[in-house]
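Structure below; questions to follow.
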Amino acid sequence: MIKYWKYILIAIILLLGVLFPFYAGAYQQSIARTVLIYLVLAISWDMLLRSGQLSFGMAGLFGIGSYASVLLLLRLGASPMLSILGAGLVAFVVAALLGILVLRLRAMYFAITTLAIGEIFRIIIRNWSSFTGGPEGAILPNIIFDGDPVLSYWLVLGLALLAIVLSVIFQKTRIYFALTAIRNNEVVAKSSGINIFKYLVIVFAITSALQGMAGGVFAQTYGFVTPESSFSADYILLPIAMALLGGIYGTLGPIIGTVLLGVLAEYLKLYIPYGHLIVYGIIIICIIMFMPQGIVGVVRSKIIRREVG
Amino acid sequence: MKSGIKTLVLVLMILLISTALFAGGQSEEGVKPIKLGGVWPLADITGEQGSKSAQLAVDEINAAGGLLGRPVELIVIDSEFKPEKGAAAIDRLATIENVDVFLGGMSSGVHLGQIPTLKKYKKVTVWTGAASGRAEEAMGPDAAWYFHLHPWDYNQGASYVEGWEAIGAKYPDLATAKWFMAYEEGAFGTASFNNWVELWGDNGIVEGESFTSAAFGGGDYSAVLEHAKEANPDIFVWAGYAADALPMMEQTKAVGFEPKTYIGSPPGWPSDFGDSPLAENVMFYGMWTPEMNKINKISKHYYDAYVKKYKATPETYFAPLGYTAVYIIAEAIKRAGTVETEALIKALEATAYESPLGETITFGPSNIIQHQGIRRQKIIQWQNDKQEIIWPFEYKTSDPVYPFPSWNKR
Amino acid sequence: MSKLVVKSLTRRFGGLVAVDNLDFELGNGEIVGIIGPNGAGKTTLINLISGICMPTSGSILFDDKDITLTPAHIRSRMGIGRTFQLIHPLENLSLIENIMTGFLFSQGENKKKARLRAEDLCALMNLTDTGREISQLNILEMKKMEIAHALATGPSILFLDEVMAGLNSDETKEIIKIAKKIASSHNMAIGVVEHVMGVIKELTERVIVLDSGKLIAKGVYEEVSKDPKVITAYLGGAA
Amino acid sequence: MAERILKRPLYIIVGLLSAAVIVLLLFWKPTVVVYGVQRAGLYAGIALPMALILGIVHIVNLAHGEFMITAAYITYFLCNSFGMSPFAALVPVVIVMFLLGMLIFKFTIKHTLKAPELNQLILTFGLAMVLTQGLNLIATSQPRKISLDFVTSSATVGETTFGTYGFIYDLAAVLILAGLLFFLRKTKFGKAAVAVGQNPRGARIIGIDVNKIYILVFSLAIALTGIMGVLFLTSQSIFPLAGGSYTMKSFCLVAMAGMGSLPGIVFASIGLGIAESFIMSFQGYGGWSNIVFFALIIIVILIKSFKGKR
């Protein structure tokens, strides 16, 4: 019975999500696209975090994806959709190769290395003007679907759903056991027969492909890339804050976190045009202090307490 | 399993609440105001003062009875320096606030992201920022509704060439042969340098090197300055940001580099730059300085009104540009007698607005777009803590001081 | 034929020699006690055999195959199972899920089959209410889970590293019973590290004694325990 | 310490090689070394307090550079309003920063110490945001700097003239390092802090007031960023967002040096400073100097990890 309701709820939310362009205005759709892009980053970051590996490489891979998709289109004449897939593929391959090199590192060392790699990508792209357009970036002759808002929204939604589905697969299959075991105790994981390195490289590559595709979709819907905006540090810390707010190590947490913080940021800005970012910062601080488990964690522990008590 | 349901319900609620929150548009009865929608990066001095200057103009217009018998309302949204936020702001202004005209400015990066959205609505747009030629490319030749006030990067380059040739003709001592340009490695500096080489390359020897601006974590110019010193140019230019200004001067002095002419070209100066003895006789480019008040009544009026209203002085030319944009729109609406787009475009094309920037602004085609406003920057020089205009000569507030005095004689 | 052969195995940690030129064999279906004072190198030996750390020199043969450099997860799949002295359960997985990891990854079972087999194993071990979180288990259940987790990897050779520590005598008896049951039903070779000599006496056929990483004695428990070298080692260790 | 280094031939070789490289550079282009070392001083001075916090309180402080800029703004305010010289302002600024550190620790960080590392990381990110945007609201984004004559001091050796004021950062870094090493190795409180850094639980068992150590060490580190903030203002422009890039660079340096190692920071800074300076000395290649920074960091971290494996 309970399961039955759960699926109905999911179906309703999905329907509301898909039909969003028909009952919400252009502004809401625009915000929704941004929120969904952040959703992809937050979920994919969390997917790797489930193995205990903290990545700061989202901005780097987002940037790589953005540039890959724009350059595939401009230099090789790929279609926009193909170039987004290409962006994912490029990010996948780059991440897999780098992962083989750096996935022996752990904790902060891994985090800083991913951050440094992202910076290196940015510097190369900025200095390799003849190919990438240099510091001024590159623009597309046309944006995807000629700017059709509904199709663009569905494209972003499709990517977000792909991320969600992958995340659910990660939670429902043996990957869940592997990642959780690696996060909890690598020695025990090894003794259970888990090939830690293989799992880390694969997961890093898959999540990076998602981040690269997010970059590709962003570049195709806004029609440009620049080194500063495509590799913005916002793509690192905001998704982390969003995932933490919702609750990490799961699919629902990052979804709730991104929707809440993403909408909140817009809302604040309308009421406090000069200085809303202070309030945003204070909210992040308060959430971390008073809801260290995130929203999902709080709800879950409340329910458990009720069941026990 | 139960917890799953609770959280799902929560998601549903959040989704519903957030859409409900956004859907709420106000419907007021009575005289409908003419709505202007502005997008600036409000946490930045350019956007903060640009938007406040625009509000100042709107207040003045309303005090004088509004436009077409209707009050004017300015709705400002922060772009946060992010392209996607800037684009969403346009969407909000167009669909929820139902504004009649867009204005705003600052940052080509944000503008690139907004252009597809602006194209979607095709409403009259008067833009005060974005110099990058990439933005012009992205806008393309068809956008008749797009009015760009700020000179494009190549306009600026051309105006510097024009200015230096004019100065060289008038003050033969200042005729120049060899240039060295230190430019920040981002879009702004690189575009400046590329345009400069393209335009000036035949007339003089141009060398250049990039540095990391203090605005992006740099601030050590010693290597570039040393190379500049070795090159021994007649004119040394640096194209960076306000944060580079004083450290650049100090380090130039420290390495013992004394060019005959010293030019800095940040989009604005740090507030205490003029206090430094090192600032004396540095030349720079800009569209407006407070010295304009001496020769231009509108500038004086604007300046005094701004100081009175906000208890602060306008720091960059983006401030009077915001004010200018609103007046250009207002006069066009008056001429058109309507806010309807076609008529308004026609009226804007006939613009001849005497601006606080000195020039009378008119619109004409540039390389790609149909309606480009300002094409020239001014050449300005720090003299006794004042920013005196030395070119174009029609706005001259002082003669240039030459050569750049030795560091030890200050 | 020997199941496991360890040849002149040495492991250094900086200046410390944890395992020193050790030779040792384990036959099919044999239960051997590994004893010695604290710091004798017993756990390091198990870590070397299971691949958790790599030897400085020497070699390890398993079923006549050289596995000296084989990664730990492969050894687990080949059939080398172990428990850990300090139990680190996977605290974000439930009791049954902890045990399932062995079936899933060492034996390559699918999730459904892994769950069924894990449930069977729990029944065998007398573990009930298998969906519980780790934090809700008592110490006996934790120990049982640790053994079950090792068994789930499908070992043909199993090392039990002080599984009796912290248990009372009834609980110890239960574990001994389980150990005997597995040894007989699976024809499994077992290496037992234990401080409680009663357990060693009851469970094992022969023992080896380590001190400062060296093998100082081997043979039947009764004889070895009278060996003066062994007595000195223990007294020295105690003093 | 000394004999431990001498026992390892690798260290001697690396040391001698770097000395040889520096001597060669001094002959080839002395300014490479001069500016490299000056740069190193700035890097090290800022990174040292971060390493202190990480080593003892176990927090990656993402608001590190922002604290420094906050101190610089306080200095600017003192200099501008009361006509103080920045060096006279050092004393009040350090005191104010110490108190600010205490307040922030007490009201925010303390409450997240039991939470996972990640929470502390994002908490300090939130702090950075609040500090930056608070400064922005009060002081606007307009860059500020006080104009000082002595910062243009220079020296001429042979045919090269170079700025000498940058050495003040080296002086500061050396003093901060020496002071911290003395504090951690010779004072009772410092030794207790080291014990807490190595094993908080153990330290608590032997009767050390861990919370007191945390709050005082954190505040001390923030006070040290105050010193760097004062110096920063003398030679650089400040604006609210100026701290971010120094947070990131310090973070990278701390990782390169080995989490929490203080002398390591100085060596890492000198290496990076001179390497960057070397690249920048080739006209037209300055844009690549940042790659050197990040690439060196990755290489050092990787080499260390492979060494650690064996």
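Every chain is named by a letter (A, B, C and D) in the order it is written, and numbering of its residues begins at 1.
One rule holds in what follows: contacts are C-beta pairs under 8 Å (C-beta built on N, C-alpha and C of every residue); 3 or more make two chains touch, one makes a residue touch a chain.
Small disclaimer: the values here were computed from a predicted structure and weren't measured.
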| item | value |
| --- | --- |
| Geometric centre: closest chain by C-alpha means | A |
| Geometric centre distance via CA averages, chain B-chain A, whole Å | 34 |
| Separation of mean Cα positions, chain D and chain A [Å, integer] | 32 |
| Distance between chain centroids, defined by C-alpha means - chain B, chain C (Å) | 73 |
| Where chain A touches two or more other chains, by residue | 126, 274-275, 277 |
| Touching two or more other chains - residues of chain B | 43, 48, 185 |
| Multi-partner residues of chain C (at least 2 other chains) | none |
| In contact (per the touch rule at the top): chain pairs | A-B, A-C, A-D, B-D |
| Complex contact set, residues of chain D against chain B | 31, 35, 38-39, 133, 136, 140-147, 149, 151-154, 156, 161-165, 235-237, 239, 241-242, 244-246, 248-249, 277, 280-281, 283-284, 286-287, 289-290 |
| Chain A residues within the chain B interface of the complex | 2-3, 5-6, 9-10, 12-13, 16-17, 23-31, 33-34, 37, 126, 129, 133-139, 143, 147, 149, 218, 221-224, 226-229, 232, 234, 252, 255-256, 259-260, 263, 266-267, 269-270, 273-277, 295-296, 299-300, 303-304, 307 |
| Residues of chain C touching chain A in the complex | 50-52, 71-73, 76-77, 81-82, 84, 88-93, 97, 100-102, 104-107, 110-111, 149-150, 152-153 |
| For the chain B and chain D complex, residues of the former touching the latter | 43-45, 48, 185, 209-212, 214-217, 219-220, 222-224, 226-227, 241-247, 250-251, 253-256, 268, 270-272, 275-278, 315, 407 |
| Touching residues on chain B, where the partner in the complex is chain A | 1-12, 14-15, 18-19, 21-23, 42-43, 48, 76-78, 80, 82-85, 87-88, 91-92, 94-96, 108-109, 112-113, 115-117, 119-120, 132-134, 137-138, 185-187, 189-191 |
